[in-house]
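Shown below is the structure under consideration.
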C-alpha cells in the first residue's frame, strides 16, 4: 500500500550529534505529525525535478507519439543507475587508493560494493525486456524527432567504462572517429580527466602485486609452482612414453605437447610482455601471479574474501558484455541490420563491441587455462608462512568506528 | 560501447509534415555533424535535472553515509517507473472511455499496454534485489536523517492504486488514519480528483457488460449455461445414487453437494449483490457473466484478444501483490518486526496490505471456481451468432491511420 | 509447505466419460484417503527414475567431487525443458500442418504455445546463473572424468534447432566435421528424419504466403505499396532539390539515395532470390510481403493475433541467441579461451555460433529496414476488403469443443 | 549450437591417480573419437530414465490433454532442484558437524554453498512464470486425472524444510492432520529420521555460541554492550528531560520509553526463554549474542565471512517464503479461492503457511530491532583481543589439499 520500501519509522531517537532537527521541531509545533519537522518524501527525492523531465519531442513538434514516453523513461532509468554505479565505483577506487587495501578491514566493503554493481547490472540487463515491448513500428513513429541525439553520447556509460579500465586504444572506432569526439566542452574534459585517474583495473593490479607469498625470498610461489609443473609434465610424458603405440597414445602425446607449450609460455616473462603490448593481456606479470595464487589458496582464511573479489570482478566484466549484447539485440529489433544501405550501420558497429577486446578482466577468465591438479600446487605450511592480516597489526589508537567515508 | 539503446540513426528522411528541423539545419552549417541541428542526448533526457537530484541528507548534516545514495536512486527509479505506469494506465483508460473499445481495432493497443505494465512491475519486483544489498546496519546509519519522510507519501503509487481500482473503503487504515491524510494541498487534490474518475476496474466492467452473446433475447449465454449446469449436476447425482453404499460414495456425494451450492450461489443475483456489498466481489453481475463467457469461448477469433486482456489484468493484480510482498520482506530485513515495542509497526501494517482485499480483479481469479466440463458449455453456432467485430462495420471515410493519440 | 503447486483438490466430480477411477475406488475401501484410489505424487512424476539418475563419475572412480552433482542436475534440468520445448514445438507444427491454420480458432493456441516456449527459454537463460556458482577450479576437479562426453552431443537441442529451422548448411562446422557426425544409430536417424519434416520456418512461410490481401487481383498490397513508395521518394527528392545548396542538403540527398536503393532492392524479386541463395534471407518473397503486410495493418482485428505471432517468433530467435551467448560466457569462465594452444578451442567454436547466421527469423528483424511513414501505407477500405476469419464460415456441424488434440 | 554448457574439452591429461579410463581407450582403437572410451553425454546424464518419465494420465485414460506435459515437467524440474538443494544442505551440515567449522578454512565453502542454494531458489521462484502460462481452463481439463496426487506429498520439500529447521510443532496442520501423515512406509521413515538429525538451524546456533569475544572472562561483549546501552539511554533521557515541554518532547519521551523496554527485554534471559518456548525466538540466548556481535564487528577480517553467512541464511529464509507465496498465487490462479464451498480450501491452507512462523532464521531479521549507534558499540582493541583463526594454528602435518569430501 506504500510506494516506498521502508522509509518510515518515526524520528530516530539516537542522535550521536546534537542535531538541527530538534530545533526545527520546536518551530513546527501544532503541525500534523506526518510533516512535522524534517523532510517529506517528495522533497527528499526531489521528485519535482525527476518527474518533470519527461518532455516528448514528438509532442513538442505537434504529433504526440505515445511510446516516446517509454523511450525517455527507460533511458533516464539507465542513467540513474549508471550514476549509482559510478558512485560505488568511485568509492571502491577510493578505498584502494587511500588504504592500498592494506587494511583488510575494508575488504568486505570492497567486495560488497562490487557485488552491488553486479546486482545493478543484472537489473539493467533485465530492463531491456521493458524496452522491447516497443515494436519497431512504434519506434519508427517518433524516431525522426530524436535526431541527431545518439546513444553514443551517454557520458556516464563512457566514464564507467573508462574508470573500470576499458582500454582506450582497444575501443572500436565508430565511423572512423574516436568515441571521445562525440563529447564537447565540460563533458569532454570530464572524460579526459577520468582517463588520467587510476582505473579499477590498475588498482586491482597493484593490489594483486602485493599478494603475500609472491616474495622470491619468502614463500616464492611462482618459483615453486614452475618447478612442480615442470616435474609433473615430465612425469606425465614418461608415463605416456611407456604406453604401447596406438592412436590413443599419439593423441595423448599431442595433448601433452600442447599443455607443455601453454605452461612454457606462462613462465616466460617476455611472452607476457609481448601479449601485454598487443592488448591480449592487461595485468602485469606479477599481478597475474598473485591472481593465480589467490585461486589456488582460496580456502585459506587470508584469501577467501580476495577470491570473492576476483570472482565479482569477472562478473562485472561478463555483465557488461551481456548488457552490450542485449543492447545489440534490441537495436537489431528496432532498426534492423540495414544491410545493403552501405556505410557502417549502428547495428554492425555495436555488434563489434561485444568482443573479448572489451573485456577488462579477461586475464582472470583465462586463469582457467592454467589450472593444474591440486597435487601440483606448492604445499603451504601456515606455521611458517602466515600471510598475516595487516588489520591485526594496527595500533590501538585507531578509531575503528569513525564514519566510513571520512577516512 | 554505447550507454543507450538504439537512439541514433541519422536524421530521418521521411517527414510527413514540413518540419521546423529543416530550417534549423540551415542555421547550424559547419557545426560538427554529431550535434548538428536537433537535440543532443543529455538535453533530450534532461539529465541536468535527473542527475542532480541526489542530495544525501546525511551529507547535508555533515555525516555522509555512502549507502544513502543507493536509497535515493532506488526510490527515484521506482518513481520514474510509477510515472510511466500511470502514463500507460491513463492511455488505456482513455481508449476505453473514448471508444468504449467499441472499435476493436484498439484491442491490440490495450492489451499491449497492459502487458507493458506487467513487464514494468516485474522489473520493479526484481529491483528489490538491488536494495537488499544494503544491510540493516547500513540503513541504520542514515535512517535518522530521513525522518519523518515516509513511504506512505508516494503520491504516484497511491494514484496508481486508485486508478486501477483499489477500493478506498477496503484499504487497511494506518495508525487508524485514512491513507489520504498523509497528503496535503495539491497532492491531496490530485488524489481526490483521481478518485472521481472511472477506474480501470469500472471501465473493464462496462466493457465486459457489453460482451456479445449475453443478450437474453439473443444467444442468452447465462440462461443456457444455467440450464446445462443444472442438468449436468442432476445427472451426476443420479449416477452417484446408483453406486453401492461406501465411504467413497459418501465423499463423492458430499463433494457434489458442495459443487451444487457453489453453482446455486453463482446463479443467484441477490447473493452476488450481497457479496458486492461486502467487497468480496467487485464486478457487476453482468460483467461477471461476460468474463466467464470470454473464458469459455476464448478460442473464438472474436474473443482471443479479450481473453488475453483478462489474463493480463490478473497478472497486474498478482504483480502488485508480489511487489507489496517483496516490499514487506525488505522492510522486515531493514527494520525488524519491532515485536514487543507496542504500537502497530510499519512491518505489521505492510504485512496486512498483502491481502486478497487489495486484489482488484479477484473476481477473475475466482472464475476458476466456476469451471465446468467442456461438454456443459452451451454450443455456439457461428452461423447464427456471429459476434461481429465492430471494426468491420466502420465506414470508409474513417481515417484509419490518423495519429493514434489524436483520437 | 507444499513442494508442488496446486496439485491437490480432491477427486474431481465432473467426469465426462465413465471412468475407471470409480471402480478402483471400490477396491480401495478403508484405505487412508490420501492414497485412496488413483495415483500418488511420487508415482505420477516417476520420481524413482528422475531422482535416481544422478551418478557422479568422480564418485564411481573413487574420488567424489561435490560439484559434479550440480553439473549433472543442471544439464538434466536443461534436457527436461528441451523435451518440453519440443513438445510445444511439435504441437504448433501440427496445428499448422493439419489446419493450415486456416481455422483462425487455433491462432490463440499457436501464439500461447510459442509464447510459452519463450518463457521457458527465459528460464533457461537464467539457469546459467546457477551453474556459474561453480568456479573454474571446482569444475577442473572433475572435468577429467567426463571425457569425452561433450555438450555437442545433446540430441534434443539439435532437434530443437532443426525443427525451428536452423539451416543445416549454415551451421558452423566443428573441427571441420558436420555436427550430425556426433550422433550415432537411433539418434542419428531421429535427427535425420526430423530434418525431412517441415520446419517451423517453412510452415510459417506457407502461412504468411496465404495472408489475405496479397492477391494481385484483389487488394494487391504489394503493388499498391510499391507505387506509394516510389511516389513518396520522388516527392522527397523533389523537395530536397529545391533546397539551397549546403552540406546539409548533400547529406540529405545521400541519405535519400541510400533509401531509394534499399527500396529498389526490396521490390526486385531477383535480388530476393539472390539473397535467399546466399542464406541472407530465409523467407520466400511472397511470405516476406505477408509479414510486412501484417506489420502495417497489425491493428486490424484480423491481424492482431498474427502480429503477436510474428513478435513471438522473433522473441524465440533472440532468446536462442541469448542462450548461446550465455553458454559461451559460461564456457569462457570454466575453461578459459585456451588462446595460444593452437587448434580450435571449444570456446572459439561456440563464439562463432552466436552469429546472425543462426537466426532463423532474421527476415522479421530486418523488416524494420523497410518501414515507411504511415501516410505511405495503402489505405484499407474494410467495406471492400474484409479479410474475413475463416472461422466465421465454418459449417455448423463442426464440433467446436472436441478434444483439442484429437484433431 | 550445443545443448550443453561446456562439457567437452578432450580427455584431460592430468590424472592424479592411474585411471581405468586409459585401459578402456586401448579397447576402443579405431572408433570415432567422439565416443572413444569414457562415457557419452546421454548415458552420463541417464537421459533414458529422465526423458522417459513423462507419462500423461490424461493420455493413459484416452483423452490426451496437451498441457499436462507442462505440469509434469515443471514438477520434475522442481524435484530435480530440490534434490540438489538437499545435496548442498547435507554437505553444509556435514561441514558443520565434522569440523565444528573450527577450521575456518571451510567457511568459504559453507558460504558458497549456502549462496548456491539461494541462487537455486531464485530460479525456482522464476519457474512459476512458466507454469503460469497454463490457464485455469487448461488445468481444469486434466485436473481430474491427477486425483488424489497432491503437492502435499513432495517428500523432498518436506525434508528440505525439516533439515533447515522449520519447526515441526509450528507447522500449520492441514485439515487437522499432521503433515507427516501424508507419507507412508519408507518415505515416512526417511522423514522421521531426518527430524532426528541436527538441523541447519541447530548447527548454526552451536557455531554462533562459539563466537570468539563472548567469553565473560574475556572480551565479554554482552556485558560491555549492556553497560553501554544503559548509559546511552540514560543520557538520552537526561537530554530530553531538559527540553521545554511540548508535544514533540512527549513524543520523544514515549519513543525513548519504548526503546528502553526493547533493550530491557533484550538483556533479560528469562524473557528470551519465554519467547523461545512460544516459538517466537528460535536461537539460544548465547547464539543470539554471537549473531549480534558478528553484525557489529562485521568489518573485522575474522567476522567478514561469518557475516556473509548470516546474510545468506536470511536470504534462504526469505526465498523460501517467496517461493511459498508465489506458489499460493499460482494456486489461486489455477483453482480459485473456492470461497463459499465451506471446508478449508487448498488455497486458504497455503495462504496460512506464508507466515512468519515458518521463518527459520527470523531471529536474524529481528536483530535489526537491536541496532544502536556505532558510538555505543564496545570498542575493540585488536592488540588485545585477536579472535584468531583456528586455521592459522593447525599443524603442518595437516594435508591441506586432500579431497574435500573425504574429510
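By written order: A, B, C and D. Residues from 1 in each chain.
Here, contacts are C-beta pairs under 8 Å (C-beta built on N, C-alpha and C of every residue); 3 or more make two chains touch, one makes a residue touch a chain.
Quick caveat, the model's predicted, so the values are computed rather than measured.
Looking at chain C and chain D, the chains in contact with each of them are A, B.
The chain with its C-alpha centre at the largest distance from the centre of chain A is B.
Computed from the mean C-alpha positions, the centre of chain A lies at a distance of 33 Å from the centre of chain C. Averaged C-alpha coordinates put the centre of chain B at 29 Å from the centre of chain C. Among the residues of chain C, those touching two or more other chains are numbered 10-11, 14-15, 33, 36-37, 259, 298, 334-335, 374.
On the chain B side of its complex with chain D, the touching residues are 135-137, 140-141, 258-259, 261-262, 265, 280, 295-296, 298, 311, 314, 318, 321-322, 325-326, 329, 332-343, 356, 362, 365-371, 374.
Of all residues in chain D, those touching chain C in their complex are 1-12, 14-15, 17, 19-21, 32-47, 49-55, 57, 61-66, 69-70, 72-84, 87, 91, 112, 115-116, 119-120, 122-123, 126-131, 133, 139, 143-144, 146-158, 160-161, 171-172, 174, 179, 181-182, 184, 187, 324, 327, 330-331, 334-335, 346, 349-350, 353, 358, 403-406. Residues 10-11, 13-16, 22, 25-26, 28-30, 33, 36-37, 104-109, 232, 236, 243-244, 246-248, 251-252, 255-256, 259, 298-301, 304-305, 307-308, 372-377, 379-384, 386, 389, 391-392, 394-396, 400-401 of chain C are the ones touching chain B in the complex.
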